[in-house]
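Chain lettering (A, B, C and D) follows the sequence in which the chains are written, and residue indices restart at 1 in each chain.
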Amino acid sequence: MAELLMTSDEITTFLKEVFPQSFGEDNVAFSIDAIQPNEALLGLTAGEEHLRPGGTVSGPAMMELADYAMYVLVLAHIGPVELAVTTNFSINFLRKPLPGRLLAKARMLKLGRSLAVGDIFLSSEAEPLKAVAHASVTYSIPPRV
Amino acid sequence: MAELLMTSDEITTFLKEVFPQSFGEDNVAFSIDAIQPNEALLGLTAGEEHLRPGGTVSGPAMMELADYAMYVLVLAHIGPVELAVTTNFSINFLRKPLPGRLLAKARMLKLGRSLAVGDIFLSSEAEPLKAVAHASVTYSIPPRV
Amino acid sequence: MAELLMTSDEITTFLKEVFPQSFGEDNVAFSIDAIQPNEALLGLTAGEEHLRPGGTVSGPAMMELADYAMYVLVLAHIGPVELAVTTNFSINFLRKPLPGRLLAKARMLKLGRSLAVGDIFLSSEAEPLKAVAHASVTYSIPPRV
Amino acid sequence: MAELLMTSDEITTFLKEVFPQSFGEDNVAFSIDAIQPNEALLGLTAGEEHLRPGGTVSGPAMMELADYAMYVLVLAHIGPVELAVTTNFSINFLRKPLPGRLLAKARMLKLGRSLAVGDIFLSSEAEPLKAVAHASVTYSIPPRV
């Protein structure tokens, strides 16, 4: 069974330090709602810049949420490592999200020596069981001791 | 041979009208550098919010550039249609980009009745022949008369 | 709730008629183990031609199983339609399968007007809860009346 | 500039030894037509088992050809290594191939320390400039000295 090396709060603190542009003081768009072995739940409260006409979240904002959710899940399992980088990202957009907050549920499918693979379901908070997009993401991770 | 239905300027005007949040007055991050049958060349001058420590462009910003490049290519071939939406997006990140402007070269692989498929090479402007990422994108397009 | 239009037996009969090369009399490699709304379970008893040294199933054989599982799932929901074709297929190989029978669990993520999207987990029958590969597949389906 | 470590003939001999089931005496379906730095050209003469009604090559046979083309390209650059394995495979099917021989043109996009990434265009020999499918493939490769 996978063991967690970081809590949500520790990850949030780490991200604000290392990526101040994206996760600095004022950036409250993303939230880490829960982390457990092999699974992470995140949310995105979309700002104006993430919206399409009609108030729904844009495709690129959904991709960013999915990539970020996998990054958080990886950090939780391997610790505060800046050098984890996405090598492959693939997403199917299934239906238009409802206006409002978006959820991402990331699941670890493989945590290997040098690659971590997961998939992420995105859904509208108002309709959490109906996937609006499904992503598969591979991170290259540094060798661990 | 594919025929172009919109010029760069017409597409830029269309995007500012339809997506003012992303392409309004002040947003000069993306530029359409050239369009020809089956090919479009775009650029991204990354702002602070697109950067990673070290000054290189973030993965999500590269994904947005690739998706946007394909959207512009589709618009050029089918005309000003709001309803073209990404259905599948897949990207391999190959190497870290150099600091500075990023280029995207999008190529149409198929322009079908209901799907358009293309691939996009991203490179640093300082090293245009060395791909930093390679994306494959499918758009669902409305039936044309 | 999705309704099933074909049973396992009806699909098997249909496939033998339409694709006699792949599913004719002597071809007992693939089996349809169960079908229910939005889900199908299939198996592959690998023959010599599907094996790698060590007796494990080859990557292309796993891709064929995943694609076939999605096709069966689509047929179950839209009826005996020859013209459903794969438009996008993406797979992550996670770990080497054990020797022996392979299982595929396909799940419908979207059954739209013209596209069906699903994901498929492959596992060894001897270790059914441990995914050896995870695929995402899109089929183009003919408009239904 | 990439240097080649194996010729077409050396690769063919290696594959017959290591994968006798797939590339033994009688299996003449696949051919290596040309190899040069960063590029390989292969062909598939489809047998009955690869065909769909109408005499066109099946999707899984095209996936096998694309995966095999990338494997050959990797071998040519890293030498006779059994342990190179596909980690990610993604393909877009663009149009139905014509009956007859199929070509695969594989191109190396990245040859890194532990990952090799390439893309492959498949076309009908009768219409070599018109892609019938486009694949992106990642191989995990053993560390080299």
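Here are a few things to note about the model shown:
The criterion applied here is as follows: a residue touches a chain if its C-beta (ideal position, glycine included) is under 8 Å from a C-beta of that chain, and two chains touch if they have at least 3 such contacts.
Quantities reported herein were computed from a predicted structural model and do not represent experimental measurements.
Counting every residue number used by either copy at the chain C-chain D contact, over half are found in both chains. Most remote from chain B, judged by the distance between CA-atom centroids, is C. Should one ask which of B-C and A-C has more C-beta pairs in contact, the pair is A-C. Centre-to-centre separation of chain C and chain D, using mean CA positions: 23 Å.
Per-chain CA centroids place chain B at a distance of 34 Å from chain C.
Rounded to a whole number, the gap between the C-alpha centres of chain A and chain C is 29 angstrom. Chain contacts: chain B has residues 87-88, 90, 92, 138 touching two or more partner chains. Within the complex formed with chain D, the chain C residues making contact are 18-19, 21-22, 48-49, 51-53, 58-60, 63-64, 67-68, 82, 85-93. Partner chain C is touched in their complex by these residues of chain B: 87-88, 90, 114-115, 138, 140.
Chain B contributes residues 88, 90, 92, 94-95, 109-110, 117, 119, 131, 134, 136, 138 to its touches with chain D in the complex.
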